[in-house]
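Look at the two complexes coming up: chain A is in both, with chain B in one and chain C in the other.
Moving on to the complex of A and B:
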């Protein structure tokens, strides 16, 4: 980080403090007191940290899901739909009920494959018919989430749930292991490891260079003997699998069953994080943790200070505005 | 109008672009301002036209010192400039463009107003063939240039500066332009012709001024300065002469063959290039020659026909374009077609073998391999880690040449390989290009410079309206004959 970057970071923090302070003043609270409450609610205890990491996990996976196609220059907003479809296929795999020892691997595989398939649909449309991937991924988000809603209200509705729209509960053999005594699940570890691996691939490997070349000038593909179609399919499938993993990990741990509208906007938060990070992995990881912490703080805030939890969404919005407005945070990906 | 530029200097950052330049521009005379890329000739003229303001020195017009802070002021003083990138509105008609340029144009211009008929008459005197209702983007480049000139003259310019006017013209269009310029000087106007072509000097200039490294190093009457003398002024030394492989290798095997190739606007092109042969392709821009090159390179799908390289089918309709390391391709418009502007020079130079790089390529190793190429072709800045997008047009051209021409290849397709290059860089690129031919490559060379084609190619194919309409043996061809075919009138050759 050089001088100007530090300057900009300082500017962003100052702008955020001013904006947030103004907002808290407006709702009649002391700014310092509120900021302190937010920090405490997000990271003040082992429990709070756990909740923050829990919220950050799907956001980080969805940010990675957006970021991988973005390295090729694609703008995919489909992480949310891929997340739902991954959860759907994973749950479907459970319902086909293999032996208990196989349940977890099959469920996870279902999540990965489901997400990848949901991403390959717009990728194929893009390759074959040159359909804009932004529009098609956006539309498929609705399709996937409504498919899940239909299933849990209809064919997959559990008879034990007494009218509550949800699938059957996942048996212990199909649940993701938790970390320690927290509610944080193994999906976080996978997300962190995938983040590091992707960072190394993007910045060090030949594949990273290939993506850089094609993003910089797609017309070079024939000259360098590269296939754009292949990279479109590959990056979208990898991204989709990561988002699908986010979906099935939520379903097979915290929630324990497939429910309607369980994503809580993780896909779109992930998109925002990836975009703000300029498609760079490490800033995206840091931002995802920050956003996860803020969202978790919202729940705690309501209990501790009787401020509605949606106040934290306003604070989150102010933070994004400050980061963007201070300029330079979203510098483009480092180039080779 | 009599102009004196005295001791003008202009620095950009730490780089002196123009350094203590003194130049006289006389009425009724064509002054050719010559120099290599980056010698400062365009900058000097932009100082005069008010695009830049000088750091030091003064401009005298008819004996009076003037400051020219903007092009607007320059126009008011009677200066006009015909830029390389025309300043016309493409979506408007010729008449509308001229109406916009009128000094007293009101904020609302009626499309049928009677005063527009004066504009039509004005166009007709300059270029009789132009339809005033034609949209500017539908006109050929040569006519656009005339409209641009008409615009400048409409504002009563008494000194007209042309920036490389002949670069885009066919020989007959150039001849027409020279006649027009003669007409201007006959009326007492002063004309400055920025160029790096000696042919332009011989065709039109009364005096030459040569710039090198920001200085005006020589001013002389055109007929007193020999070509060799002018080149020495420009380069600072006698440049090496390019040795083209003069003898045509008639018996050698055919390496690159086009059979009925149609792609884009190119239609049914048959050509065969033998090992060691340089086949030149001439034609006015838009005759299908760039599409032909792109089709061979795999950048444009074929609609019919096939391309054969060393007996193997390289391209055909519905044939997937695989990697072609055995083919060198210098694409037109390198920034758009041949480089990744966001990436480093080192990576751009490694582009062709990106698939053969190790899984984790070492940046140091890429830079190490790039350095000698950058040095050989004189790419500036000579830093392998510099971003390609920062390079000037000429340096991008050198970068692409360095990548494509450094290694032996079965065939070379070179599209305007010396576009925007100065004398010494042109010599370097030609040396590399013809060096490949000497070592047995088949060279297909598309150029707009007819003189160079006649001098260096073995045969010249002329394209018109997407087809090859004539094939000349370069030794027997004349500029007039090839030019007639470029204009689509091969029968004029026979006559």
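Moving on to the complex of A and C:
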């Protein structure tokens, strides 16, 4: 970090403290007391840290899902829809009920494929008909979410769920292993490993260079014998698969069954994390942890101080506003 | 299922569904005309819906509620203006941050309003209400203003080329802030029309993507205020039809039918993109998408 970056980080923290403090004052709570409560609820105990990591996992995966196409200069806002469709296909794979030993790989594969398919739709529209991917991914988010709602209210509704719209419970054989005695599942490790692999690919490999070239000067592509179309499909599919993994991991290992509207804006947070990180993997990891902690604090706060969790959504929004306003978090990589 | 019952009164229900969206569309049209694309309209609509509903419930005066909704959303759009104009932050990211802020703030403020009943507007012939007339009347007003006045010309000039506009003696940032604020006011009116008039209730996240759909439909309407009317009607028709089919005991389940407005909007968007190859929009806006 050089001097200007440090200055901007300081500015962002000061702006955030002022905005959040002002908000807590407005709703009649002591600002310092609330900020302290948030830190305690996010990182004050082993359990709190576990919950923070748990909330950070889908956000990190969705940030990676945004970031991979962004390396090519694409603005995909579709992680949320890909997450839903991954969960949908993964759950479908479980319902086809293979032998227990095959369940976990088949369910995970379903999540990856589902997410990739949902990302390939806007990618194909972009390649074939020059349809702007930002708008198409936004609209497809709602379609995917409604498809999940339809299935859990209708054909996939479990008879054991006593009227609550949800699929059957995932058996233990279809769940990712847990880390230690926490609720954190192996999806976090997968996300971290994938992040590091992507970081190395972006910074060290020929593919990373190809993406950099195509982003900064698409007209060079034919001269260099590169196909933009192929890279659009590839980056969108990789991103989609990662978001799909977030969806199926959340469904199988955290909630234990497919439910309507389970994403809680993870795709949205992931997009902002990726964008603020300037499409760089390592800052995205740090920011995802921060946002995960804030969201986990929201749940804790509701129990401890009876402040509704929507207040934490406001705080999260204020944090993004402060970060964006202070600037300097976007690198030259952000967009050509 | 008899087709006559399916189609009876369909135009009126389509209009009712379209009215809130039309207001938002007009606002986002103006914002995009000055070269900004504001995904925060979704949050602005929510804030407009909750403020409008709350004030109507307290005062019993739906027009006061509409004004409160417009004011609250305009206030939130000021955050977007600060981020993108003063701090030069990315437009998409700023819009999403504003959306999140609006989602949280409206949920927080509206927790006491769930299940509350209001009187709302008097219903006229064919179930049509004043918010529809307001929305429809604003279409020619906005269009004539944008195409027929000097200030309208200045707005279009800023959207085409801020540099050239500056050379002509216009201060681009003022026009851009005004365009964002106009979008804020109208998205708030749209949100308030939704909660006060269309659903007559408040629920968390009740706009369900209408604001984002509006962002896409502005492009379908080729940034032309006149064409926002058919674009909004397309969404309204798809929504009214899905509700109809559901009430008529269609074999297709309700949640599946609810995807219809999004799929229809996306289909039209894809077709217009393919035919016009992304041309026709304000040049300063194209630069946001260009890569």
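Quick notes
Criterion: the second predicted complex is superposed on the first by the 332 of 336 C-alpha atoms of A that agree within 3 Å, B and C clash if a C-alpha of one lies under 4 Å from a C-alpha of the other, contacts with A are read in each partner's own complex, and residues count from 1 in each chain.
We adopt the following convention: a contact is a pair of C-beta atoms (placed from the backbone, for glycine too) under 8 Å apart; a residue touches a chain by one contact, two chains touch by 3 or more.
Keep in mind that this is a model prediction, so the values were computed, not measured.
Once chain A of one complex is fitted onto chain A of the other, the partner contacts of A:106 are absent, as it touches neither chain B nor chain C.
Between chain B and chain C, the partner in contact with more residues of chain A is C. Legend: residue contacts after superposition of the two complexes on their common chain; A:168 is shown touching neither chain B nor chain C. By the touch criterion defined above, A:147 lies against chain C but remains apart from chain B after alignment on the C-alpha atoms of chain A. Shared-chain residue A:9: touches no atom of chain B or chain C. Of the two partner chains placed around the shared chain by superposition, neither chain B nor chain C is touched by A:186.
Of the two partner chains, chain C is the only one touched by A:316; chain B is not.
Once both structures are placed on chain A, chain A residues 215, 335-336 are touched by chain B and, in the other complex, by chain C. Contact residues on chain C toward chain A in their complex (touch as defined above): 39, 79, 82-83, 87-90, 92-94, 96-105, 107-108, 111, 204, 208-209, 212-213, 215-216, 219, 253-256, 258-259, 262-263, 265-266, 269-270, 273-274, 277-278, 289, 291.
Per the touch definition, chain A reaches chain B in the complex via residues 204-206, 209-210, 212-213, 215-217, 219-220, 222-226, 332, 335-336. Partner chain C is touched in their complex by these residues of chain A: 27, 73-75, 77, 125, 129-132, 134-136, 138-143, 146-147, 149-150, 153-154, 215, 218, 265, 268-269, 271-272, 275-276, 308, 310-318, 320-321, 324-327, 330, 334-336.
Within the complex formed with chain A, the residues of chain B that make contact are 297-299, 321-325, 329, 331, 336-344, 347, 351-352, 354-355, 357-361, 363, 387.
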